[in-house]
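Some structures to go through are shown next.
Below, chain A partners chain B and then partners chain C, in two separate complexes.
Entry: the complex of A and B
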């Protein structure tokens, strides 16, 4: 409880401190559009390290073995591939604010609105899964009741995002990145020092050799599905587009590519903890609790505190980014473009805090009943987000990318992806969605006779 | 086909090693940005 209070006060103070000069809309939403490499790398890493990375990576290693860890680590490919896209985005849309701006200017209103539905559904799904994870994890790690853990984390993130905007998000992400990586590595090295890697390997091969099997079919399928899910999440989400607009021209490419390279070993280092359960002979009642159980077994109370700090930082670093990016999308694409097209920058700046508070309240209302099926919402979104990959890539690089095909690629990709989810398994949704979307986008591209003028993406400033 | 003990050890040690030096690299990048006057 004391730790929770200390970190809460620290994040809110830093949010206020870093954001006190963000009076202008671009300063607040995009950190002044001149973020350097260090902050860029740290914020991309911290945002992509969610509670899933630190908690689900051990779970996947425990269930799917080596491929579970490696598959999760492939999430880094999305960040690396986004680096050239970020450069292209900054060049084509220098005054842009959101991913919605691109879809609207490149493909027109129907594709834009289809995209907004997908993007907002994904954002809410991610917010709810993070909010619920906050309540559940804090309860299991420290005994703090679900409602209190959820209320504290969500209010703290809403408070400092509202006070400081993207600068507060990026600044706190920087500190949270250092806490997360230092914590994960300390835990890993302590485990190796206590048990030795040879012992871990031997005990895993004795107890469940399938986990070390490189030909595990479900694991391999998961690996490719996770690759497309991750790429889809990053390519379409305003969390990453807003960072593209925020990073300076010189730093965008380096920030994303370095963040991807640095992020890749984190799920492996975190996932390794699950293997330690075998030599320690810990009974694991539920696979999703393997990380905290091993940590508390290895380091007793210190281990629980360490995991608590890592998880709290992971949750806050993603929640704040998502709150900021989703509120930007709601403010500019829904409020400004649909409801108040003549609104000035000053007027929009004044509305931002209200949008963040409303978004926080909606998330809170959805998380509070603790409906377990809501936490699964994020899994569904794999089918949706993967359908946006090809319309975005073709739209950014090819003049003949077709607006109608882009809309159908998103609709059909999502539909078939969902079909795969229910008919085969969660690990096929993104894979099928991306394949169908590619086919439709490609057909549209080949049939299109009209060249798009990329100059049309350079919209006047608000 | 099982992953060999050597490959397993290498994978874990390499990953943990990379994660361990990350704070130093990030702080060094911040120092360089500060010298250029471009933190944000």
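Entry: the complex of A and C
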């Protein structure tokens, strides 16, 4: 309880401190468009280390073995590949604010609205899963009731995002990155030090040998599926586009590529913890709780505190980024472009806190009933986000990328991805979606006779 | 479903929204159907989240009529590869376990039987829960793997070639 209070006060104070000079809309939404490398790397890393990394990476190692652990770390490829895209984005749309701006200007209204539905569905799904994880974790580690834990963490994140905007998000992300990397490394090191690799290998191979089998079919299928899920999440989400706009011209490439390289070992370290459950003979009630349970068992009270700090940091670093980026998308693409096209920058700046509060309240309302199957909703989104990869890549680089095909690529990709999710398993949804989306995008590209002028992306400032 | 709805989605007043929410929850719950509720002939009901696992993992859950597990020692969750439990393996000592579910993982192809067994009184306290593990075929897995690899190569190829083409002659942005 004391720890929760200390961190809550710290994040809110830092949010206020870093955001007190953000009077302008660009300052608030995009950190003044001049974020440096160190902060850039830290914010990209911290945002990508979500509660999913600290909880789902061990879960996937526990369920899909070596491939689960390695497959999760392939999420770093999305960050690395986004580095050249970020440079291109900054060059083509210097005055852009959101990923929606690109879809609207490049492909027109139908593709843009289809994209907005996908993006908002994904963002809300991610926000809800983070909010729920906050409540569940606080309850399991400290006994604080779910509703209180959820309320406190969500309120803290809403408060400092509202006070400081992207500057506060990036600043707190920097501190949170240091905490997460140090914490996960310490936990991994302690696990290896306490039980030798040999002991772990022996115990896992005794009764859970499939986990060490490199020919495990579901694991093999999961590998590239997770890669495309991660690529889809990053390529389409305004969380990453807003960072592209926020980073200075010289830092975008380095920030994303370094963040990807530094991020890759984190799921492996977190995932390894799951294997320790076997030699320690810890009963795991639900696969997603394996990480926190092993840590608490290994380090007793210290472990619980360490896990609490790591997870609180990873939750906060993603929740704030997502709140900021989604509120930008709602403000710019829905409120401004659909409802108030003549709104000035000053007017929009005044609306930002309201949008963040409303988004926080919606998330809270969806988290409160504690629908256990909302975690599955996040896996669901793999089918949707992977369908956006090719329309974005083709749209950024090729003049002949086709608007109609972009829309159909997203619709059919999502549809077939969902079919794979139900008919085969969650570990195929993103891959099927990406394959169908590529086919449609490619057909549209080959049939298109009209060249798009990239100059049209340089929209006037609001 | 209605009970669950009343308990958790009471705040959804709009009828159409209610129907959509109910349908969504139903679809999401399909994979978690409880195939074997509390058995009337035993003190405990043992069930799982699936009868057929293609991944080698599944979750077992149990409900007992009385607070049996905390009151007695030597109550064990056992597994066996035959229904007679000729050569059982103790998976977990339940009297020291506070949860009522267990995630089982890393199982190779085969049939697995589970039961809750009281070693003090030498009798089974639950029904036998049976789960088949039948992994996807290797051909299917490799098909997905190479399809993924192919898409990945195309993605990397397009990004690298196009990035270099569009930044040619410009000052490198990475400096």
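We take it that the second predicted complex is superposed on the first by the 462 of 462 C-alpha atoms of A that agree within 3 Å, B and C clash if a C-alpha of one lies under 4 Å from a C-alpha of the other, contacts with A are read in each partner's own complex, and residues count from 1 in each chain.
Just so it is clear, contacts are C-beta pairs under 8 Å (C-beta built on N, C-alpha and C of every residue); 3 or more make two chains touch, one makes a residue touch a chain.
Note that this is a predicted model, so its numbers are computed, not measured.
Participant: With the two complexes superposed on chain A, say which partner A:313 touches: chain B (first), chain C (second), both, or neither.
Facilitator: Touch status of A:313: no partner.
Participant: Tell me the contact category for A:176 with respect to chain B and chain C: first, second, both or neither.
Facilitator: Neither partner.
Participant: Who does A:209 touch here: chain B (first), chain C (second), both, or neither?
Facilitator: Touch partners of A:209: chain B and chain C.
Participant: Looking at the overlay, does A:369 come into contact with chain B only (first), chain C only (second), both, or neither?
Facilitator: It touches chain C, and chain B stays clear.
Participant: Which of the two, chain B or chain C, is in touch with more residues of chain A?
Facilitator: The partner with more contacted residues on chain A is C.
Participant: Using the touch definition from the top, say if A:167 reaches chain B (first), chain C (second), both or neither.
Facilitator: A:167 sits against chain B, while chain C stays out of touch.
Participant: Between chain B and chain C, whom does A:242 touch in the aligned arrangement: first, second, both, or neither?
Facilitator: So A:242 meets neither chain B nor chain C here.
Participant: Answer with first, second, both or neither: which of chain B and chain C does A:50 touch in the superposed model?
Facilitator: The answer is neither, since A:50 touches no partner chain.
Participant: Quick one: classify A:189 as touching chain B (first), chain C (second), both or neither.
Facilitator: first
Participant: Touch test for A:435: chain B only (first), chain C only (second), both, or neither?
Facilitator: second
Participant: Show me the chain A residues, by the header's touch rule, that chain B contacts in one structure and chain C contacts in the other.
Facilitator: Dual-contact residues (chain A): 209, 213, 215.
Participant: Would you tell me which residues of chain A are touching chain B in their complex?
Facilitator: Per the touch definition, chain A meets chain B at residues 31-32, 34-39, 41-42, 66, 167, 170, 174, 177-178, 181-182, 184-185, 188-189, 192, 197-198, 201-202, 205, 209, 212-215, 248, 251, 262, 264-266, 268-269, 272.
Participant: Along chain C, where are the residues that touch chain A in the complex?
Facilitator: Residues 8-9, 11, 25, 28-32, 54-57, 59, 89, 92, 97, 99-103, 105-108, 135-138, 140-142, 144-145, 147-149, 151-152, 154-156, 158-160, 162-163, 166-167, 173-175.
Participant: Residue numbers of chain B touching chain A in their complex, please.
Facilitator: Chain B residues touching chain A: 1-3, 5, 8-9, 11-16, 18-20, 22-23, 25-27, 29-30, 32-33, 36, 38-40.
Participant: State the interface residues of chain A toward chain C in the complex, per the touch definition above.
Facilitator: Checking each residue of chain A against chain C gives 62-65, 81, 84-85, 87-88, 91, 204, 207-211, 213, 215-218, 220-221, 223-225, 227-228, 231, 249-250, 252-254, 257, 283-287, 290, 365, 369-371, 373, 376-377, 389, 393-394, 396-398, 422, 424-425, 428, 431, 434-435, 438.
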